[in-house]
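Naming follows writing order (A, B, C and D), and every chain is counted from residue 1.
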Amino acid sequence: MTGQPGAWRSAITDADAESIRIRGYDVTALMAGASFADVLFLLHRGELPSPAERRLLDAMLISFADHGPGSPSAMAARTAATGNRRGLEAAVAAGLLAIGDAHGGAGYACMELIAEGVAQVHGGRCPPTEAAERIVERFVAARERLPGLGHRTHPVDPRADALFALARELGVAGEGVTFIEALRDASAARIKPLPINVDGASAAVLFDLGFPPPAAKLLFIVGRTAGLTAHVHEELTRERPMRVKVAVEYDGPAPRQLPGS
Amino acid sequence: MTGQPGAWRSAITDADAESIRIRGYDVTALMAGASFADVLFLLHRGELPSPAERRLLDAMLISFADHGPGSPSAMAARTAATGNRRGLEAAVAAGLLAIGDAHGGAGYACMELIAEGVAQVHGGRCPPTEAAERIVERFVAARERLPGLGHRTHPVDPRADALFALARELGVAGEGVTFIEALRDASAARIKPLPINVDGASAAVLFDLGFPPPAAKLLFIVGRTAGLTAHVHEELTRERPMRVKVAVEYDGPAPRQLPGS
Amino acid sequence: MTGQPGAWRSAITDADAESIRIRGYDVTALMAGASFADVLFLLHRGELPSPAERRLLDAMLISFADHGPGSPSAMAARTAATGNRRGLEAAVAAGLLAIGDAHGGAGYACMELIAEGVAQVHGGRCPPTEAAERIVERFVAARERLPGLGHRTHPVDPRADALFALARELGVAGEGVTFIEALRDASAARIKPLPINVDGASAAVLFDLGFPPPAAKLLFIVGRTAGLTAHVHEELTRERPMRVKVAVEYDGPAPRQLPGS
Amino acid sequence: MTGQPGAWRSAITDADAESIRIRGYDVTALMAGASFADVLFLLHRGELPSPAERRLLDAMLISFADHGPGSPSAMAARTAATGNRRGLEAAVAAGLLAIGDAHGGAGYACMELIAEGVAQVHGGRCPPTEAAERIVERFVAARERLPGLGHRTHPVDPRADALFALARELGVAGEGVTFIEALRDASAARIKPLPINVDGASAAVLFDLGFPPPAAKLLFIVGRTAGLTAHVHEELTRERPMRVKVAVEYDGPAPRQLPGS
């Protein structure tokens, strides 16, 4: 229908009494002949992926899926579950809410840098190395850390290498991968050597697959729900309510009286 | 306006270009002449509170406000903030999501028991002690814990006594307070002595103030946001990103190879 | 490591400086040789799926993926995004929080009924039809609606038929499918004819695949994040901030003066 | 206790078996002798407020409390509740998640501008008018809207005037109020006349009360939970499950076949 006042426009899914069509494909046809990664790609991009695109998306989702109970998202989900044992959706949502600038959000920021750098290269103004150096100088001046490089627990992030290997094998690595490698090298020369992490690698590959920057965070979220749901289930089946505790060291004001009492 | 198709009905707040009226009172008049507890009462009950009602609501909100960083809601909020340092609303929401059956939710369940017990008393079928005994037997049979009694860290919950003292001083303690004391005594005789905790005490007082059971949880949420916002701010100003960690003891399958590899 | 005081036990993922292993498999091996559905199954069940299990899990995730912007979860996510345009994780989480008893939660409740019914059959006490009739009588007596039957917009839910067809083709349909069909028939005879919906169909198939009841909701959540992330992205790229509005029909107290003013 | 490895430091609340102390004051003393606004101030600032500070904080919380069901936060909360009728905490949290840059977040951004402007004034470099003009030029150059000015539904925001009047009456209006008025005037001269809205007014007053910028958002969150909890309760008591709907206008690809089918 068209032109109904107040209607919400959407080009994603059309549902009527008889059928549900995602980007034009009947959901039952997709159920019979597609994988979840196919449909996720379709939802975000409007078309089904090629086999190479599907494999890379699967690999990225797997790389995002879990990092154990000590990552902030899993820890927040399990902490919520310890107090709210009937709200499965609440515990998973609490986990998602720990995903931000410092955890799972570097891919988005990194993809914006890649888009900026590649745009400069395309504008004919400079080779990737120069564009990368300029960005590194800006981060040095602002005393900020470059997103996509280094990892607090992995000296080398095994997921990044695996993703690049797959992208090269499938012939998908392009300007995004080239640019983040230039960024890594420029950063190593100017600041200190740090390998590309999973956020940086997936940002580069998503760029080469044609995704826009917010997709880096949105697809991380989709992948991580796999792990978060497993952690919530493990918490509820293995642990007792309110078991999550933390040792507290209070260092505020000593006991005192209310004025006038 | 009336009868617009698709309009959402609401009896809470009316806003037009010139003014905003909460339950009929202009918000500017409330800002000049009321307290937050007054307006919270007005929003939930439709009328402004009496001085006694306001004092009890303030006392309850204060009793809910905080219990340190080791409570699941504060811990979930701070854990979310450690990964998501720009999403203040996300961190506070993560804290709320830890409020459920095991943490902050006992008041709701307890208020339903009080309502049930008082209804039996009113139905002329029994004195409070008998109604309480019946409920205790049911919980014993179901092997469930009675909500509103006992606390994992406080042998005696100081907030409960303070609230009952205030309710008595203000002449508000009624059938709700009588019934939860009957429940405590019946439970002590049949199971083991456990004092009334803050959830049970506030459930009884809210009942005597005329609130419906869900209010016990909703008002707990309002009160606890005071503490959660303070914890989120302390986390962001005192601690570095991703500082929250937990020691993990993995006890799953040993390293293994993918089939066919 | 073992026995560290305060450590969180987990059998899901083991991460050290060099590697990340999910249920014992190196994440890089999974990235190279598995699909997202494989890893989701692995996270929840501890083992990789058979090809039939993988296909059914993919089909279910696809059936959950999206139902357009008018479903409460998509609407909540887009509404949050209209006010909070930088918090992608917040908008997706708001969508998850609309998933509950009335939306996306029927699968969990239905799976508990299936487990109860099949347990009665196994206990040798009755054939499926009788167990189903008993459950239907209980719901009639409680004046509650049976979960898993009927859909507010689809007279016949096309996803349910597609899922059953696939389960039969793959030889996976078992006692769960048999029981929900008995439940549908008993309900049709006693109340009114209603077809099995996607929640009921996936509950039956998940039961036959050996998943526990909470998985029905947790896997729905994973599948639905595919659609929610697409809706959040569409909202942010197609619509302006604060565009979501609703016509409001205020029917509360008329304008009035504060007492004493 | 001090120095326990892994302990979480906090200067907010100290709880032991016998007592709970907020910033050193026993919670039972606060329950007997303080209001919720007092304790909220204490939690955030470490000290109890003066009577003028308390009155202004109450007035601000009231100005934040509700704006009817059509504001994104109330709409998101009610939409979540329509699908998730047992998760009161989930519905309130969904409402909070709509609070961001475009809704309820302008106070934070505005307070940062005020802090910047006042710092320039203090640095002796310029009068407020000049500092304000410089900021306005920067926003013009960036084609961004100044936070704290104008409102989509109120030509004049009545809450702003009420707050300024109270701040002046209580002798609290200081450099923050002066600076936002300079900003309003510089913006009127350079762009177009727009009055200060509630976000801008509360940012100025919070600055003059000594709060840091994030407090503008955190206190908005606390105030708005009053309204959100009332909306969730009204939704659950007045409306049926899944009643929230939206007219959808699908404008994506026409029905099509899967390749190869």
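Heads up, the rule we're going with is that contacts are C-beta pairs under 8 Å (C-beta built on N, C-alpha and C of every residue); 3 or more make two chains touch, one makes a residue touch a chain.
Please read these numbers as outputs of a predicted model, since none were measured by experiment.
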item: Longest centre-to-centre distance from chain A, chain (CA-based); value: B
item: Inter-centroid spacing, chain C versus chain B (mean Cα positions, whole Å); value: 28
item: Inter-chain centre distance, chain A versus chain C - centres from mean C-alpha coordinates, in Å; value: 22
item: Inter-centroid spacing, chain D versus chain C (mean Cα positions, whole Å); value: 34
item: Multi-partner residues of chain C (each touching 2 or more other chains); value: 6, 8-14, 26, 30, 34, 68-70, 84, 86-87, 89-90, 93-94, 97, 99-100, 104, 246-248, 250
item: Arrangement of touching chains [line / ring / star / complete / other]; value: complete
item: Residues of chain C defined as touching chain D within the complex; value: 6, 68-73, 75-76, 79-80, 82-87, 90-91, 93-94, 97-105, 152, 241-242, 244-248, 250
item: Complex contacts: residues of chain C adjacent to chain B; value: 1-4, 6-14, 21, 23-26, 29-30, 33-34, 46, 48, 84, 86-87, 89-90, 93, 97, 246-261
item: Complex interface listing, chain A residues touching chain C; value: 6, 8-20, 22, 26-28, 30-32, 34-37, 39-40, 43-44, 57-59, 61-63, 65-70, 78, 88-90, 92-94, 96-97, 99-100, 104, 108, 153-156, 158-159, 161-163, 165-166, 212, 214-215, 217-219, 221-223, 225-227, 229-234, 236-238, 247
